[in-house]
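The structure is given below, and queries will be raised subsequently.
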Amino acid sequence: MLEVQNLSMRFGGLLAVDEVSLDVQEHEIVSIIGPNGAGKTTVFNCMSGFYKPTGGKILFEGKEVQGKPDYKISRLGMVRTFQHVRLFSQMTVVENLLVAQHRHLNTNLISGLIKTPSYRTKEQKSLDRAAYWLDRVGLLDLANREAGNLAYGQQRRLEIARCMVTEPKLLMLDEPAAGLNPAETKELNQLIISLKEDYNVSVVLIEHDMSLVMDISDRINVINQGRPLASGTPEEIRQNDDVIKAYLGEA
Amino acid sequence: MQDLLYFSQQLINGLTIGSTYALIAIGYTMVYGIIGMINFAHGEIYMIGAYTALIAITGLAALGIAWLPLILIVALLCAMIVSSSMGWAVERVAYRPVRGRHRLIPLISAIGMSIFLQNYVHLAQGSRNIGFPALIDGGFNFGSGDGFQMSLSYMQITIFITTLICMTALSLFISRSRTGRACRAVSQDLGMASLLGIDTNRIISATFVIGAALAAVAGLLLGMYYGSVDPLFGFIAGLKAFTAAVLGGIGSIPGAMLGGLILGVAESMTSGYLSGEYKDVISFSLLILILLFKPTGLLGKPEVEKI
Amino acid sequence: MAAYNFRHALFCAIITLIISYPIIGFNLEAQGIKVTLTGADASTLTMVLLAAVIVFLFQLFRENILGALRSIPSPLPEAKKEPMAENRRAKIESWVLTGIVVLALFWPFFVSRGSVDLATLVLIYIMLALGLNVVVGLAGLLDLGYVAFYAVGAYTFALLSQYTGISFWLALPIGALLAALFGLVLGFPVLRLRGDYLAIVTLGFGEIIRILLNNWTTLTGGPNGIGGIPDPTLFGMEFGRRVKEEGNTSFHETFGIAYSGEHKVIFLYLIALVLAVFTALVIRRFMRMPVGRAWEALREDEIAARSLGLSRTAVKLSAFTIGAFFAGFAGTVFASKQGFISPESFVFLESAIILAIVVLGGMGSQIGVVLAAIAVTILPELAREFSEYRMLIFGAAMVLMMVWRPQGLMPMRRIHIELKKQE
């Protein structure tokens, strides 16, 4: 469903991403790994429309999306999280989820002002969806807390729930396990698998936690210094000499 | 010939005003370069400089001192000391406690400070405008007796020379001195600079003090040039100088100089060929157009959004 | 440490003297073209000295003083109160508010004409502040030229009544819509600018509009303004002593009561009250709708909002336009109340006052903003000596609020949403 072909991104004289290609099929978890500064997040930023790539193509369900504005890409069903959690911290947990569903709600101002029946139904539906996902990530009791007051692990889960209420086809997770303790990482592991199995979402994952990556990925792409280094199943990657060298070299 | 003289006159007037805008713009651009905020109160600091200079000049006259260089130097020093202290205090009271908070907060604090200072002077000195003595008069005249006469006054020459001295001194200070180097380091990366042991608070204070001192110089010069001051004197001039800073590329010191001169000339051409009433409209429109089409200004560096 | 403290305190005290003594201690007086300098009287100088001493002592014992201050519990409502018994609280609140509005409906019949007039002004400021609250408090866009839209509303009514003889009731929606249109057209290009640039550009726009009003003499009358703006009518009944327009009747004759100038003042007050309540209710609704949540989301984190499919331009533009709409509303009422308008009513200072109201009341908080509007408008009237210091105090208050209590005196309370567990 997603195909990235020879993606390049240049900042001034710096070529941050150089001819990176990857593809994601339906019902698949694909990871992007690589040492720090390899350009993983830049790839994400290009895919989600925050950066306009300087070269290459990004096809989502057969349509070219590179260079489209970020909010349009998100509306197509490609939604992302951020390396440093980005919540609407002064809004409550449930409001965070409602913001994400604005497209499902009637945007006509007048019908909202006078609360037409169809508006009420849609509003109730989005509340129900929010409640469902809060329950799913274990935050239902905290629904009316300010998001900024949640513990770090809870914020991470809220960010994923906020993506899920938009009913995406492809979820892009940028280091979702960063800062989590082992127990939380394990929960996250199960959550991501369940997103794929139960909700039919494809996932692209940037992650440093190798055990998580190896556990859940169907395929892995390795990039190093902006260039593709290897790609394949976890087993193939584990045995790839280039990858071992890059990682050992870094360590 | 007549047309050329008229044009040259507008050019001279524009460059005169423009070089003082540049002096004020330095304060905006340095502060913005380091802490990324618009110091809305900077125009008021310039106005306070002008008032202090006027008080010093009147005081010296009352004491019977008439030697012009002494009067000018004392007035300049007084203005610079009071404005710099004010710049330091403003940063300490209104900006430092809110540094790093949501971007609206320092901005509102700065606007509050600007309103406060305007009314501080208003209450102390009244709202009427007060005449500023023309200490330096006379000049050169060009052109035939019956046609248009182009004049280049000694005051204008003084403004050019003073601005030139200040700018040269500032450039040397920034490039050569320890504090200047620290300033550049802090404006590159505040966090990293502080990790490397630079006292960033001190550098930020220094930035405010330097900007305020240059604004005070502009206050004395423009006070004499226009011949009067009032408490609102700083508001419009501050906006103009900010425009100059943005035009040249905010954060860039040579940009502020260039922006000031361009804006000054654009304004005086508008007054000279259209109407004086619309010169403010021209500079605001210029500001809006630059921000819309080239927000990095003429010499500014593009910013990459960090995600 | 003690030595450093002492040096620092001394330094601060000297700075205090330097920034206050020359400006306050000498008075410049213009006599003709000659300027003379007089020293201020002894009491002023004592004040300056006292200020320096206070700064010295404060800096010297800074830690102790701040520590003591922190240990005093705040008497103001806290932002993070437990959302207990939400439904009951909401019910009580709505009853209290309805009670206040009903009281406000009957109140003008028992007080002096001057008080009613002042109350009308307060209501106009409430409308303005509620509108600006959408832009600044909710959407986080610092608009320093808000007064321009107020001017558009006022001038629309003034000009239309002058040239076409339009009535207040027709001018009200036209003025508001035209202001909204201005907001839309001006907002479109500027809203992609960053926060601080936006502030300065809106300030520039406000000034441009004022300068145009001042100089387009043939249309706007320039600094002389426009007079003779008609009063509102009630179902064709006029409130003047004599009927001005064909076909209208006069209020006092219809009801067979003696003419009184107070009728008109009270009527205007009631109109302003109804419009202010309308403004508050509409904006309250918006806050609970997707559009209101989108404003706040954009204020909180623009990048995250975009990543969820919110169009930055559309969301900001809606806030800007709706804010402008209510400013246009207020402007029409203002023109009708004054009967005369000139560019002088629409200077930057007005924008600053409205902003001060929003900041003091608590950005985003409607009740806070209403209370602040009342305080800011009435206090200077109550204490005449105070009015001279009004702007000085506003400026200082804005700084102090940002330093100590950026959420305002009455912070916005989050809406409590009841959720049912889904199977």
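By written order: A, B and C. Residues from 1 in each chain.
One rule holds for everything that comes next: a contact is a pair of C-beta atoms (placed from the backbone, for glycine too) under 8 Å apart; a residue touches a chain by one contact, two chains touch by 3 or more.
Owing to the predicted nature of the structure, the values given are computational and were not obtained by experimental measurement.
Looking at contacts between chains, the pair that accounts for the most C-beta pairs is B-C. Most remote from chain C, judged by the distance between CA-atom centroids, is A. Centroids built from CA atoms put chain B at 48 Å from chain A. Taking the mean of the C-alpha atoms as each chain's centre, chain B and chain C sit 30 Å apart.
As a whole-number value, the distance joining the C-alpha centres of chain A and chain C reads 42 Å.
Residue positions of chain B touching 2 or more other chains, listed in rising order: 305, 307. Residue positions of chain C touching 2 or more other chains: 303.
Residue positions 50, 82 of chain A are each in touch with at least two other chains. Chain B makes touch with chain C in their complex at residues 37-38, 48, 51-52, 54-56, 58-59, 62, 78, 81-82, 85-86, 88-89, 93-94, 97-98, 101-109, 111-125, 128, 130-133, 235, 239, 242, 246, 277-278, 280-281, 284-285, 287-288, 291-292, 295, 305, 307. On chain C, the positions that touch chain B within their shared complex are 15-16, 18-19, 22-24, 26-28, 30, 33-37, 136, 140, 142, 144, 189-190, 193-197, 199-201, 203-205, 207-208, 211-212, 214-215, 303, 348, 352, 355-356, 359, 363, 388-389, 391-392, 394-399, 401-403, 406. Put simply, chain C touches chain A in their complex at residues 80, 83, 282, 285-286, 289-291, 293-294, 296-297, 300-301, 303-312, 414-417, 419-422. Listing the residues of chain A that touch chain C in their complex gives 48, 50, 69-72, 74-75, 79-80, 82, 86-92, 94-95, 98-103, 105, 107, 109, 112-113, 127-132, 134-135, 140, 143-144, 146, 149, 162-163, 166.
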